């Protein structure tokens, strides 16, 4: 029995999301068909735009890089039972800190500057999200709402500082912080168009997976997530763990801000805030908060984004088609949660075993 | 217009805040009342932002096609009802997380509204009428501030009625029991899942109506930037209001007034830090939550089944 | 400083007029043997927003009517790597040879980066400031819309009974300040006591905040409203509802306020776009920095509304005539800012090509408000 249970769980973990994606695609196809667009043309273009060529692959991977990092901001706290949706704020303040530090170190060695910028972005991002965790633990403030409110406050602070005290007077029609030096810019991975944020994201996912699944700290975090009372009875200091998961998640989102500044824009301005933090929530839930699953899910969502342009240009679909597909996908995958452990996969061996009875 | 020329100076600030409170608060009021009902039944629906936008779009489109803004309000409510039903039904499946489904429906609602709303950005639909409560004043500024939309009045009536209903009506008791303890509700023979589904659907209806207010009265047209997070804010506002419908009313007025404060202060010459003024309502909510909460007890008034307050 | 040559710009625009004429008469020149030129347009918001994006899209719509031109469009593209990939996708997958990334934030670093990578593609950006050293296949165009705003200010100054004008702006950046200042100077040229109260909302599209700002200004006695936000729709509609006058921006908003609409400052991109397409097709050089105002036909004013009196029309038309033969300078000394400091000394003029205007950082005397 236990062996077949393990089997079934593995099949569940692969088959159910794939089924949900197929259902979502069918629903989306029906939707565009009602709108008057050939669904197969849409599927074809989506594939072409997302994964149809080397260019498309790089497009999807590039878009997935910030999503992997911001998804970790929801995924890690979720393993300890917290629903944190504050990645956008950590990204904003992390990026701002990186830009400010990068400018302050103008003239220093490039590697040193980048390192200090990364530390600044991770610390600020981590501290900002840890604040939501701290409020949760010591004041009982709901972390979902608190982290959301902190996003709005962070964005206001960001705008205030970028357009006020930290503004580069030379940034005329787009208020920005002063640009960081060229040698402090993080380039693309050699031979590719994709910046190092992708590699960082993948490495962090691997590291966090090991942390959660293979260490005693991770065991404690999962225990807290499963059952707070039991964890307390086991003598765990919950507050410490809550702070750690929130800070690590926030640090990852802060690094997303770093890469936006140091690999894309070269300075901090309103273009940093395009919703990567919010899309990251989606990625984390779709990956069921499993750091390893975040990687393919982020690439999938990045691919949907990458294919949106073709849908607009070739089929005259509104830009919101991407949002609709993401919404359908999200809802079907969440609804499919209920299927886990409830499907009897008719494995040949099982069928054979049952036949005599 | 010559009398209108008389500026109010600093008096304009409180007047703008009062006027703004009335104008800006209505969507907050409807969404928060809807969310309050849903949460009292033990579910949290973060998707009301999407419902609000969907209501705004469908209401505007209906008003344009039928020529009747009230038909628009009704359709907006029905669109919200559908989204509420969807949320309620999906969350009734075992092991489905209501917060996550809410985020999904927020995306879906926003996406559908933007997708289907493209043809309605340009045309002009008939708007909702207003009641003139400022007739007694000779000041046009006062008259304008007291020009009150019927939906606001309906919302104002809804709040105490909902409060009374939750306290005294049998159905209200069912909702409260289901929200406080599913086990107790089952023991009493109350239908837990059905109650939650229709409480979410009714909440969606109210949020949809709130959206119609945005597109049909203030600011009074459909555009994709119409909601700047009012739906999400209103969800936070319910906690601020401690799940009390009258609290939702006061909190909505407060948020509306705070939203009007920034522009009003600039119009009399306070020009520094408008971003920070704009963030005031959020900071205020967080501050109230920090003061009001305690790790050792659940928040007073919080439904026991609500995952969000444990 | 100003070494971009006006003559080449003029000849370019003359070409535009000729191209427009050809298209209008429907001569299918080259349709049979020239492959279609693919032109890509990228917008940051919805292209039917009664505002900035719509003005660009109207220019794009003019190109769609040309023979041998195929227009591809993408809207709501954020100012980040997304726009780089959209441009690249238009080049690689659609074969675009001329791109119009129309939002300000697309310029640096995104468009400049792509222009280096694809030297055979022509990039034309709206609002940026092309400088020596930037790729030669990139260019930036913009219109002196402050000229139209100055005329709108004259009309507003004539029409306002209270002498209080209201300006709702997104952010205190040079392009916005130049409009606020030109509008105010225009109004004060007819009513030296007129003031412009300015409110910054903080972002380009915030309908509820824009409505609140409109109401606050009207409560303070303002009776002419104008704005510089992405979509002026809400400001115009609120003004009409409260029974005050309004002056449009970006495109003609008269249908939104049939009673109170005075005039407006509009973009007129179709001629320029047509001439650029023409130049790319024939291999003619396009100046890297294209600027022009009423005279060059890059901006225009909306037709006067019913509330505009005879005196206002006459004076605005007279000044417009002087703009059209280059005889009028808006920013000239003595000019004080609203803190009393002299920004342009007496006897000095800053003509439209003066680059100092592109970095304006003051509000002129008569503007109530401050830069945060």
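Going in written order, the chains are labelled A, B and C, and every chain counts its residues from 1.
As a convention for this text, contacts are C-beta pairs under 8 Å (C-beta built on N, C-alpha and C of every residue); 3 or more make two chains touch, one makes a residue touch a chain.
Owing to the predicted nature of the structure, the values given are computational and were not obtained by experimental measurement.
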item: Chain contact graph, described as a line, ring, star, complete graph or other shape; value: complete
item: Contact-richer chain pair (by C-beta pairs counted) among B-C and A-C; value: B-C
item: Mean-CA-position distance for chain B and chain A (Å); value: 29
item: Distance between the centres, which are taken as Cα means, of chain C and chain B, whole angstrom; value: 37
item: Chain A and chain C, separation of their C-alpha mean positions in angstrom; value: 38
item: Overlap residues in chain A, where contacts from two or more other chains coincide; value: 159, 163-164, 319
item: Chain C residues counted as touching two or more neighbouring chains; value: 76, 202, 372
item: Residues of chain B touching at least two other chains; value: 118, 273, 275, 278
item: Touching residues (chain side chain C, partner chain B) in the complex; value: 45-46, 48-50, 76, 161-162, 164, 197-202, 205-213, 215-221, 223, 231, 233-234, 237-238, 241-244, 255-256, 368-372
item: Chain A residues within the chain C interface of the complex; value: 48-49, 55, 59, 62-63, 159, 163-164, 169, 172-175, 260, 264-266, 269-272, 274, 305-306, 309-310, 312-313, 319
item: Complex contact set, residues of chain B against chain C; value: 1-2, 4-9, 12, 15-16, 19-20, 23-24, 118, 121-122, 124, 141, 144-145, 214, 218-221, 223-226, 228, 230, 259-260, 262-264, 266-269, 271-275, 278
item: Chain A residues within the chain B interface of the complex; value: 83, 85, 135, 137-142, 144-146, 148-150, 152-153, 155-157, 159-160, 163-164, 281-282, 285, 318-328, 330-331, 334-335, 337-338, 340
item: Residues on chain B engaged by chain A in the complex (per definition of touch); value: 46, 50, 86, 90, 93-97, 99-101, 103-105, 107-115, 118, 229, 232, 235-236, 239, 273, 275-276, 278-279, 282-283, 285-286, 289-290, 293-299, 308-309
